[in-house]
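Naming follows writing order (A, B, C, D and E), and every chain is counted from residue 1.
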Amino acid sequence: MDPNAREVDMIWLTAQVFLPLAVAVLLLIVPGRFRELLRWLALFGCAATLALSLCLWVDYYHRVLEYRSDRSVSSMYHPDSRLDARVEHQQSLTAKPVPGPFLSIDLVTIRPWISQFDVNYALGVDGLNLLMVILTSLVTMLAVAASWKIDDRVKGYLVLILTLESGVIGAFLSLDLFLFYVFYEVMLLPMYFLIGMWGGGRRKYAALKFVIYTLAGSVCLLAAMIALYTVNVRDFVDQNVVLRQDEEMARRDPSLLILEAKGRIEVHSFDIVTLSKVGRAAMLVLTNQEHRLAVRGVGKDEPHQPAANGSVELFAPGVDREAALARLKASPVCNRTFQYVIFALLFVGFAVKVPIVPLHSWLPDAHVEAPTPVSMILAGVLLKLGGYGLIRIAFPLCPWAAAELAWWIGLIGAVGIVYGALVAMGQTDFKKLLAYSSVSHMGYVVLGLASWSSADNSQYWEMGVNGAVYQMLAHGITATALFFVVGVVYDRAHHRELNQLGGLTEPMPVYTGLSAILFFASMGLPGLCGFVGEFKVMMAAWAFSPPLAVTAILATILTASYLLWAWQRAFLGVNEKTKGYPDVSAREFVILLPLVLFAIALGLFPSVLILSWVEPSVAGWVENLAPLK
Amino acid sequence: MTELGLTHFLILSAFLFACGLLCIATKRNAVGILMGVELVLNAANINFVAFTRYLPGFRIEGQVFAVLVIVLAAAEAAVALAIILNFYNNRGTVDVDQANDLKG
Amino acid sequence: MVESLAEYVPQSLAMILAALAAAGLVFGFIGTSTFLFIWAERKISGRIQDRLGPTRVGKFGLLQSLADGIKLVTKEDFVPTGADRLLFRIAPYVAFCASFAGFIALPFAEGVVAQPLNVGAFFLLAVLSSEVFGVLLAGYSSANKWSLFGGVREAAQVVSYEVPRSLCVLVPICIAGTLNLNTIARQQEGWFWNWYVFHDPFTFLAFVIFFIVATASCKRAPFDLAEAESELVAGFLTEYSGMRWSYFFLAEYASMFAVSGLASLLFLGGWHTGLLPFEPAERFGPLFGNLVDVGVFITKGSLLVLVMMWMRWSLPRLRIDQVMLTCLKYFLPISCGLLIGVCVWQLYMPKVLAEGVRVVLAVGFVVAAIVVVLSAARLKPSPQLSGAFTKP
Amino acid sequence: MPEFLREVPGRLFLVATLLPLFAFAVLLAAGTVRRFRSPLPGYFASFLLAVAASCSVIGLSWFLQDAESLRDQSKAMAARWGERVEWLHLGGWKADARPARSIDLGYRIDHLTALMVTMVTVVGTLIFLFSLGYMKDEQAEVEDHHAHVRRRGRFGRFYLYLSLFAFSMLNILIADNLFQIFVGWELVGVSSFFLIGFYTERRSASTAANKAFIVNRVGDAGLLVALAVAWFHVGSFNLDELFAKAAHLPADAILLLGLGIFCGCAGKSAQVPLHTWLPDAMEGPTPVSALIHAATMVAAGVYLVGRCWVLFTPDVLLVIAYLGAATMILSALVAVVQTDIKRVLAYSTCSQLGFMMLALGLGAWTAALLHLLTHAFFKALLFLGAGSVIHGLHHEQDLSKMGGLRRKMPVTAYTMFVGVLAIAGMPLLSGWYSKELILSHVIGSAAADGVARPLLTFLPFLTAGLTSYYMFRLWFLAFAGEPRDRHLFEHAHESPAVMTLPLLVLAAFSVGVAWGWPVWSVESSQLAKVLHHAQPPVLDVKYHAIHGKAEEHHLLTTALALGVAAFGFAVAIARHRAGTLLTPPRPAVLAQVLRKKFYFDELYAAAFTQPTVELAKLSAAADKRPDVRPFNLRSLDGVLNAIADSLVALGTVVRRLQTGQLRTYILALGLTLAAGLGILLRLSR
Amino acid sequence: MNLDFVLFTILATLIAASAVGVVSSATIVRSAVFLLFTLIGVAFLYFLLGAEFLGATQLIVYVGGTLVLVVFGGMLTTAGPFNVLRTKTAEWVLSGSVAAGVFALLVSISLQLGARPTSTGDIPGPGPLGMAFLTTHLLPFEIVSVHLLVVLIGAAYLARAKKKAGSP
């Protein structure tokens, strides 16, 4: 690999994360009375972020295509798409700056940040989070455009939105638990103010509830993070690190024998990739498959060609396998309770964000009270963070517990689907209905993730994860758009009561047409974006557990019911009150149109547009975990 | 025990500390409490200086800390007195029992 | 002294003995000098006020102080009703002990010091500043509002003036690079332009300010707001009588000499004459040399004390707000500036130039002083005063 | 002919499929342009569909030639008449692991497909043409008499939906895989939804639309299950692969697969118990009823059952047969008492679909699909005729107000009479061929197995009689006799040529579409012969005996069928003479039951709809209650709030510890210190 | 039994006795006087230990500055002559037992600590101390300086004469 690539990655990723923040700082300088200027600046900032992420995407896609078309490397294009391979390479570079040849389509940067606590400034892009980053920047841009009508404290509002964007993108991109946590919290505060200051009638209650829930979740996360930090990962990191520590220790205490010192060395890490290796190793131990644990070959830059004999190469090169295994078995990470607790903590932490059913109570309040653009961001982006966290952190870090509990998780997902749909059906508030529909839709994400299939059926799981990712994207598009749809009608009616709406078709035909597409996209109509994810999840869930799949399938009826019912109540019929409403303005049209086009395009060409470059990453992810079971 | 050693100073300091604690706990006059604090700080200082004397690793550090403590004690006294005066201006007393605005 | 004693008696006993001897000497010096200073004060005040002062007891009224002392000792030790008896009683001792303790570290000559201390200057300042405590207690415990006013004024004044005083002390210390008074004095050996007062304009000013501030911290007029007869009856002294009253005076005169001694040590070459470019103790043998040194030192100190008296009877008393204002608004910033100035001077002034300035300053001052004295000598005494010199 | 069509002539059908999609896209884009309601969209869409129809006709002829010339070269045939393209790639990224799986999109043309596409496009074109006249009002502002509002015309929107429908329907037909069929399945559902709810102002319309979509979704859920089974057990949705591997599937899987597919079909084809939406769907404009709810979409279920016949186990087939029979007889009975002209036709459609399903269940594959084709023509004819009547009567649909209309609108009347005759099974008309085939199969299977399933044997004949009765009843009520509503009659008029022309064409088709030589022989029907090529080969083997028996009892069947039809006609004419066609049947209970359509709607409302809505309201309440009382434990939100409240209560207790007294704090501090020291001591020991 | 020990005993007795006096004095100024003796005793303890600079600092800052301030404050805030605020006996007992407990624990820790081998040596004078402040311990030094500045401003602000509404 080009040695400059490291720097380039660093610059790209950092810019991607901090560009919105920089724009926010710029906005702070501009005096508050130039409202139009502020708005345009914020919009340009968001557009620049989007452009940046699209550049990343073009580059990424280009490389995917290149590798795929180049048959000579076809055997290795897959491993290269796995973030962990790249991270390993990068880590060994940090330990010992000797760049070796390496091919990768992912972007990774790792710099020491707080070296006392082994915290790294580690950012990385693979298909999974690139998708989320693009979604984030798109949704944020549209949200800023949708905020044009907000006149109250514009400056603070825009600054907060941009900060939020930085936080979200940072959380999506970070590969270090600590960094992730920091960004996760960074995101929380702007959201609190956005809901609490620009929200509706019960905004303070909603904002407080949001914060308490999210904080409860992040406390779980923090606890899990700290517990994982206590794990000794010395056998999983580059051995140069261990060597250096050994020398350091011997230098500090000359009475210690080198060997003795070596035995005592403990390396701790917040690094997600390293910790996931530990998790996998623990899973092998816990399932009595420790004979499959193996040491990776030295100097093998293309990692993890899955070995024919089923061995899983997790230990770093140069590790004494027996000693490492003994150390591993003695450490608490191989304790069932430990695994369960950590997984439960992580799961709960992200479940709050997803939100998964008993923990979803903040969502309707927050959505209902938040101003339209904030609802868009909340539904379109923030919920995705939960799902993304499950994929990127909860599952890989505790695969054993995840596998053990998979059915229950799937059940929770299925229950969420049904429950969300039922509650949505019982709503009369348009926005609340959409909020609960989010609960229902995100249930598919959980179900898709949970469909842990064993090694033989791993394609199904891969399909499920793919479906989950796609569902997140689709929900991001449709929920954003639908919240905006509600916002449009709210601007005219100043209420969201479904029973008092109705008859919008006639005065607002264009609006109705666009909304119809979005409604059906949300319903999962084939040819629109909602279908692909749901379909894949259902197919995968069948392979995992037919009852759950049947639940999910039957839930589509409920989904159709509540959405159509809402559709009927809001758009159809005759209503004197709505007769004079103007159709969508040019600005509203411009905001809705891209979302509608995306909803259609993503439904028609999921593979070309998204999956062809996301799937390698998902495949790598699944391939890490699936063979363990 | 006849040879002067660290223990003696530590015990003296402990006594001073206990007196300070008792003083803070029993005085109702805010200024009296301040004096108790001074006693406690002095107890700490005695320890520092004794360590300076008897532990080779503390030759400088003990003194540095003692100096800092003295300086901070002075500052603390100044601020505390300012607060007490303010309190006195508002309430007409320095009885700390009257200063219960923090009551839960 | 301890070493020589230790040859005959055990070490600890030798130390105790030496300490006792030193204490005795210091106490004796304080007592004697106080007697003399009180006499001098009365004489000077008399002269300045165009009268003769004490003349009856002894030659020139020299024994007047003794007579007063006897009177005071025989007076009733009176504690007013309602006073805090304990505090009332110990207040004079506190004040006196503080002044007395100042002499512990005050070297009269090379090695002639009760307890040589590395941080002598600092110690001296420290103990002298605690004299205020006695005054404060006296004011408080007298159960008299004039006394209380006096005490509180004293406290405010002394605590404030302590700051510029310390800062001014730091000026020569910055040049000397030590807190040891002995060493500081030794560094000013030789001609008088080696005195720190002439070291540079900053030290010169520092000396002036130090002297004023020291006067104030000895609660001497025109800064004697604690007594302020015209306002507070006698301030903190109102309820005192007899021995206790005299302890306050002992303390006052002792501390006057102490600060004067400190001034001469820091600025005026200590026990060096300034006219002999060598150390007398080395040239004339330890005993005689030291005697000369002690004499020179006491002379210098006494001269400064006399200047204080001169000031007392020449200047009117300030108001308390003026006193505080003078300190906080003028002396404090000026002394800070002096400290910075002297540091900058030392760091950046070329050697030659510095030497030149020093000599010019010293010689100029001396010439100016001589001119002033000569012109003053030519002045005729006033007709009213002239009558005083003639026998009635 | 362009080269790409000559190489792969199957693309003709692809073009035919995509042309309506193109129309849809163009109209959708145009929809954002405001005030778009000139007649242009109609001409545009109709023209494109006409082109599609010609494509498919050409395609059909080419295909039939090819089928002759390449009879034994299945591979070449498959290459010329089918293509696939990868749509979604799944798994299999590694070189060494399991093969990749993909969801493909593709088409495969066989005889059935070719015929169906042709039928759909031709009928569709005619209906599009008809709609140009029928929907003419929509080109300007419209006064909606039902909802009492003036509104903009929706001419363009109508064709938008119709085009989408045409595309989706064709997509189902040409698809070579279950997935694509499912996609089409949903899409026809949604276009049907929009068309039923076309008059958005009418609450009944939008409710009917919702009902249609949701009931269809129930069916689709079954189809999804089938898809899941197929994906899990076969790893592909491709129909050919499914057929090939069907025999090796586990028993429960194949059972589930069959049931799932049938469930989808039942939803689409309005089979009991999912039939309730179809009559309600008549809320849509009449051409829609003709196109979607008579000729094509509802036929898709039958088509799919026919398509996937191989996948059904005998058990499933039996289920299909019984449900078909139930649908058939129940709908026929209900149709007898209906007075709404479209509803009669709707129930008739239901009944006929049940007839087809029954046939499929019994193994009369060719017959069923032949009936599907013929039924499409004459039912479209009937519906369009009804549309013409409604149009002529200014949107009056009630039969009880009609009568004697043949004098006012003769073309409509007589073309419709052809339709009635066809559906009643008048010999030599298209309906006769297919019905005869089915009935003979019924008799055949009864003869072969003994009368093992008497219901399946007798009900078809009963239904045939009923069909004859109610269809004639309809015609008599509408066109014969004296007008019952003078006013209406006065203003009635014949429809314009753009509407009658399709009627005439369809009438022609209804008469002759199934002809062969000799005309009077049912077996010689040309259409049936073509269809027979598409019949799964296994059928011939399995049902050989039955076919034999059917041949044997052919004459008996003919006689019986004609007999019952004639009986029905006789009753109808008798009652017409007596003027009692509108009087309800005698036992009042029966009349009530029939009028209430066997209480299906009420049953569903009680069993499913209401409980679901109640459950929804309950869950909504259980999730969040509007009143924010402390310690409201009856909702999730309440429980959470209660937790918060109890924490607050705890806080009020704990805050007493904060006395505000400095000395208390110091004591606490001292105690803490003592405790800390104690611990330190303990530890250092 | 050497001189150091004797001196220590004397000083310790002085310190302890006056500390007790601080606690037990009823009036605030008496407490202050006892505190004065304590502080002076501590200062001389420093001299005894050889930490002359510290001793002098203790004298100048504590005795000359802090304590005067404290007394000053006490005088300013005493409502009447020799005002006494008494505490309940129960509180005395409670506080006393806590203090006694802490003392006992501290003593036992001191005995443990003191039992460890110690070494004596000369304490560095003001020179090294100053160097330490300007080099290795610069940060705390600076922090304290800033702290003092803040205290200066803060105390001035807190104690400033507040203009009563209506008064010029």
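We take it that contacts are C-beta pairs under 8 Å (C-beta built on N, C-alpha and C of every residue); 3 or more make two chains touch, one makes a residue touch a chain.
All values reported here derive from a predicted model rather than from experimental measurement.
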Minimal step count in the chain contact network, chain B to chain E: 1
Where chain B and chain D overlap in contact partners, by chain label: E
Per Cα centroids, the chain farthest from chain C: D
Busiest interface, counted in C-beta pairs: B-E
Chain at the geometric heart of the assembly (C-alpha centres): A
Remotest chain, chain B as reference, centres from CA atoms: D
Centre distance in Å when chain A and chain E are each reduced to the mean of their C-alpha atoms: 59
Where chain D and chain E are represented by their mean Cα positions, the distance between them in whole Å: 95
Rounded Å distance between chain A and chain D, as computed from the means of their C-alpha atoms: 40
Length of the line joining the C-alpha centres of chain C and chain D, rounded to whole Å: 118
Chain D residues counted as touching two or more neighbouring chains: 663, 666-667, 670
Sequence positions of chain E contacting 2 or more other chains: 2, 53, 57, 65, 67, 69, 72, 87, 91, 95, 98-99, 102, 106, 109
Contacting chain pairs - touch in the sense defined above: A-D, B-D, B-E, C-E, D-E
Residues of chain C that touch chain E when the two form their complex: 11-12, 15-16, 82, 84, 86-87, 90, 94, 117-119, 122-123, 125-127, 129-130, 132-133, 136-137, 140-141, 143, 148, 151-152, 155-156, 158-159, 162, 166, 179
Partner chain D, residues of chain B touching it in the complex: 21, 24-26, 28, 33, 96-97, 99-104
Chain D - residues contacting chain A, complex: 28, 31-32, 34, 86-98, 101, 147-149, 151-152, 182-183, 186-187, 190, 193, 197, 200-201, 203, 206-207, 209-210, 213-214, 217-218, 220-221, 224-225, 227-229, 231-232, 612-613, 615-621, 623-624, 636-637, 640
Sites on chain E touched by chain C in the complex: 2-3, 6, 27, 29-30, 33, 36, 40, 52-53, 55-57, 59-60, 63-65, 67-69, 71-72, 75, 81-82, 125-126
In the complex, chain E residues that touch chain B: 1-2, 4-5, 8, 12, 15-16, 19-20, 22-23, 28, 31-32, 35, 38-39, 42, 45-46, 49-51, 53-54, 57-58, 61-62, 65-67, 69-70, 72-74, 76-79, 85-87, 91-92, 95-96, 98-100, 102-103, 106-107, 109-111, 113-115, 118-121, 123-124, 128-129, 132-133, 136-137, 140-141, 144, 147-148, 151-152, 154-159, 162
